[in-house]
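Naming follows writing order (A, B, C, D and E), and every chain is counted from residue 1.
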């Protein structure tokens, strides 16, 4: 297949790809542009050339401090992801390397817990959180996010682990490695691309989770999803400010995603490849 | 220091009885090769010895100690896998050092041992490379290095050379033999390669459907196979097995004659046949001959023996090299 | 690889996840189940009483009930259709040699990182708004009346927004799968005289089947629960045109504060989700086995 | 001591957040934490919290819809310690009435609003029309149609169409009130099968069709405000607070062309809709910091606060609709042309008797029962479908009737 | 009907000139084998012929027609890949039928052809299976089946047997030879297996770094290698290459003698040496001997020749079988 690709082909593909990419990216781009327009520009109809004011960002920042929700988002998504990985790695190990006839069923059951409609259990969960004093605490929310994403994490890890030849683990076992050493020294480093991608995906999911993060927090633990909820329909259409707030809410994760896209793509197969 | 005893060892996977019951004695320092057709249970047997699978019955003794229930790590055995099973994320040095690290040996001692092993295996220049940067033969050597640093009581090899190409296989074969001469440690080696089995083994164990068909030295098995299965399995190209008239004339159900024990001639001989395929290797010529009244016979001639598809030739079996089998397939 | 030791260990290692998820499932679920048999309105906590199956009958008889189930399935189906087909197309395109591949890929995957309420807000206010949206600007450019997306095509609008968010996910997975296609197979087909289209139909598509299964499975899990996008844009309307099951439950739970009714709805939704799940596993599950 | 305050993200509240230094400097031992959310999420959050005694907030911003309901449940702390200099009697009687249960004040109003007509003098002039003192719906309908000039992108009238009990239903309920209709009769029987509803709804739908902006079914307060500010509406009937926005030349292109009039009524029916809304500060019973909280509430709803805003941001930005004194202030009248009509509208509203015929409930553009949120939203959806052209008036009313009967039966009102 | 001509064909990957310039003539009906060390450009050359890579220079003619710029499908060649490259989701029948379907042949004709091919290749019973349900040899046969139904002007094989185990390889080798006898179509075959090259080829092309070292029949190459490279490459075990005194005495820089052309004796001979390794295969014995004044020599004796590690033995090269090379490495 390494025949020279004609330049014409490449040019056509390039144009098509850039066009589509532009269309797909447009809403985000437009948000970005709108965020540096003035309010009246923002609703004055389509224009790609903003006046380049950063006033909206300043307004948003002075009105709702950005740093605290940002830190909460970071702590919550990273914390819950690490927690989920710690719980999921052993489980995935067991499923991949010591499968029983129930393994598939257990996996599917785990996934099915994700289908529980969050709204329906809001009141029970709220009561539980209240009773355990977890309302508006980072730890409570972290546990919540961990539980929500655990099935996906287990499944992803399981599919990666399955790709690892059992012989290598057996070799480690012959070499005198205990279970813990087997996981730490052999399994984890070998599955690193997969684990990295699981990590990233889970951070994205946790960062963007916007039901529980709003409902179970008030001040101390409120992340960026709650931050954005305070801009959504004020009196008047403050789209420029809304855009600025939106940009601030999605920028960190977007940048993380951009920088880590290779990792993400490499691992994001769910064992779907082959 | 390295004897292995299997007592009525059996193994089932669920319903399937892969190994009905095996008794086997491996002496200290011996090089034992398991051969047999694919799926006969060679790997399973090796893994039972290693402790990677639980036995379904019977017991395994190493140096007289019952290790049946013990974990692999506690058996002081080292294993070399077909796929090498190197740790891809570690350098050669770390790969070799891994078992020592697991044994919590101190740093200096580890370095010393790794250096020694690398010296023996000619890996000194590659210690900082990753496995992916090595050739197949080098990888195999690393796997062996990882095995030898532990100074195990015995080595287990599961088709260690089958992923290498022919010429490398030859080289590595020699290296492993030399290693055995050097270390004098017990080695148990699984292969389905005739040449490996014949050249490396002190003792060959022929397995068939989980049963031992014969145990003996390579030349024993070659010259006096106990039954038809061993006769057909050991030796390459395969022994010609002849039934019917000719066999009856020799007072046997089946008579076997190896291709190299047929005298070929363009002029005269006991049997007349037509060459169906002639393979000229230069050094040798392999002939597939359709012999009247006997059937398809393979024969080996030297490189200069001129014969082509369709030629008429004559064959005479060397009487002293005939193998005779009764109707149960046992050698008479 | 399977000794008694490792097996026992394996059970142990599974335990934390299984127990946690079991607790996570059972505790709220049993509370929900219990509430579903209670008359319990959050605003009159004094009047809690046993309701029998009344909540179920009540939820079931909601005029929006059947439409909400239909809408739920339409959203799942519509988004899957767009993302799988669009994702395949995009993956094929991105698999070609192009200038600036890295940047294009970055642009294409970006929507995946946008949190659902933000995505919905942006689409609603700046893209689909009949007065100030970009779509409206475009249609005015062509001299046609702007479409009032959320009034005229509420469900479609939501499907578009959600599909926009999930398209990158599908594209990424399909692209990875595409790149794993054995090049010798492709060459063999080329030698066999297969055109680009034939190669796509007979080789690429079957090769992608597994990846598509994964895309469908994962997305279905998330799509069954779509509600933030609806809340922000159409609020389930006009009428019940864009009310799906989660939104109906939301309406019951957080507008009516009817915990009993919402719980009954939740139970119904769980049952429905599991039916879909079983159906899905049956239909595509075998694709997941090697 | 830290007070956690849940508040809605309206401009006035945001402004208050910016001015709290005045309070904290006077009360150095009190710190303030803000939870600012958009209206719907806020309502959801505080309701869940207060109903489950979650105890997340010390002060909640709630509407005059919630106050009586919650007070009856015993969820709110009575505001008895607002301080000696807090002039309770200065509060507008209609507002204060809505926040008082059994003579106890449970919430202090931060700002209040009624509804009125905002219209474009220039367009009226051009069409040769003059706004009467007390306009009728017939007049409004005619005028709207006359002014409409779609080619110039001018719609005769902008009205709420977006579904929601606080969105389109606020307007439609007020409209129906002024048509002599009501939500329920004395036996809590829904009245959608009555001619008043049919007439009002038909009028509304026809008017939107003939003279409303495109996409009206998704327009709420915000969208209409923007439309009006951009000069695309001849009239807009909505909350009185809008007046300060449309008359602000910074945002509005028509600031100098607006005038105001009383909410219309129907010929022969003496009812101007009775729209009355206030955002109020209240203290949940679960809060341990009631004393500090009252201090803050007193500060935020006092006359002094109005003066503070005036000094910092100008009189036009003072939160309106809560105190008589404000409307008596010359400076305010000077700065805000809409002061007079706003006060008139607020005084005209009577939420204790919102309808022509007797009803078992209070409320103006809403019905002050817990179930109204769900019912109102549901019915709002049905009506917005009519505006979107996806349903007919008859069908919508029939559906509204049966859905409401269903809800009311479940809630135990209808035996 | 199947001749292939390469005219000054060259190929570079970026900077790397993999094939400098090759001229080669392949006759219609010939079985040509490309051999050479790994990375020498065998596969590249084959893929140039197939049209899967573009040539960097020169031209390729099939049946006298210039096909240099043509797409693979238009060259009427069929290729069998090392990995088989079967379509995993299609049954055997569909796999074989695929090229015909692409050629828009009608259903009945396809069925007929598939049945014929399956008959030839013994696949009739497996037509409904998926590739994953087949053994390695069967898969290889399917790949060949897919090639033959097209009735191509020539077949191209790229190491088609290297994924099979030794005995299957032997069987498949014979099958491909027989197929060639049957179809008489030109076949171009890449391998690095000595035995395959020697036994199957009508003509062997020895490649080294993208250059042709020698072209000729297997026995030609075996008996008169043109240079040291070919001498060392063809033949297994390898030819012994001796320099120094002995070579000079023969008027050459280097003298080559094959292991099978050494006469071994326990009593007397030209050279004396010590056995370092003795490999007993039963049929043969391979000896590695350290010969005084000469160095390491490999020799082959028959199976009965008793010799063990450390024995002293005598070797005599057969004079007539000596190969002499000058200081440029060319045969004298």
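Going forward, a contact is a pair of C-beta atoms (placed from the backbone, for glycine too) under 8 Å apart; a residue touches a chain by one contact, two chains touch by 3 or more.
Just so you know, these numbers come straight off a predicted model, no measurement behind them.
Path length between chain B and chain D in the touching-chain graph (shortest route): 2. Of all chain pairs, the one linked by the most C-beta contacts is A-C.
Most remote chain with respect to chain E, judged by CA-atom centres, is D.
Separating the CA-averaged centres of chain B and chain E is a span of 26 Å. In terms of their C-alpha centroids, the spacing between chain A and chain D amounts to 39 Å. Between the CA-based centres of chain A and chain B the separation comes to 53 Å, rounded to the whole angstrom. Between the CA-based centres of chain D and chain E the separation comes to 90 Å, rounded to the whole angstrom. In chain E, the positions touching at least two other chains are 52.
Annotation for chain C: residues 1-2, 42, 132, 187, 190, 254 touch two or more other chains.
In chain D, 40, 44, 48, 52, 223, 226 are the positions where the chain touches two or more neighbouring chains simultaneously.
Contact residues of chain B toward chain E in the complex are 38, 162, 165-167, 170, 174, 177-178, 181, 192-195, 198-199, 218-219, 222-223, 234-237, 258-260, 277, 279-284, 286, 288, 300, 302-303, 309. Chain C makes touch with chain A in their complex at residues 1-2, 6-7, 9-11, 13-14, 16-18, 20-21, 24-25, 27-29, 31-32, 35, 42, 90, 93-94, 96-101, 103-119, 121-123, 125-127, 132, 134, 137-138, 164, 167-168, 172-173, 175-177, 180, 183, 186-187, 190, 210-211, 213-215, 217-218, 221-222, 224-225, 227-228, 232, 245-246, 249-250, 253-254, 259, 262-263, 265-267, 269-270, 273-274, 277, 281, 285. Those residues of chain B that touch chain A in the complex are listed here as 50, 52, 71-73, 77-79, 81-83, 85-90, 98-99, 102-103, 146, 150.
Of all the residues in chain A, the ones that touch chain C in their complex are 1, 5, 9-10, 13-14, 16-18, 20-22, 24-28, 30-31, 34, 43, 45-46, 87-88, 90-91, 93-95, 97-98, 106, 108, 110-125, 127-128, 147, 150-152, 154, 166, 169-170, 179, 204, 207-208, 210-211, 224-225, 228-229, 232, 237, 239, 242-243, 246, 249-250, 253-254, 256-258, 261, 264-266, 268-274. Within the complex formed with chain E, the chain C residues making contact are 182, 184-185, 187-195, 198, 202-203, 206-207, 209.
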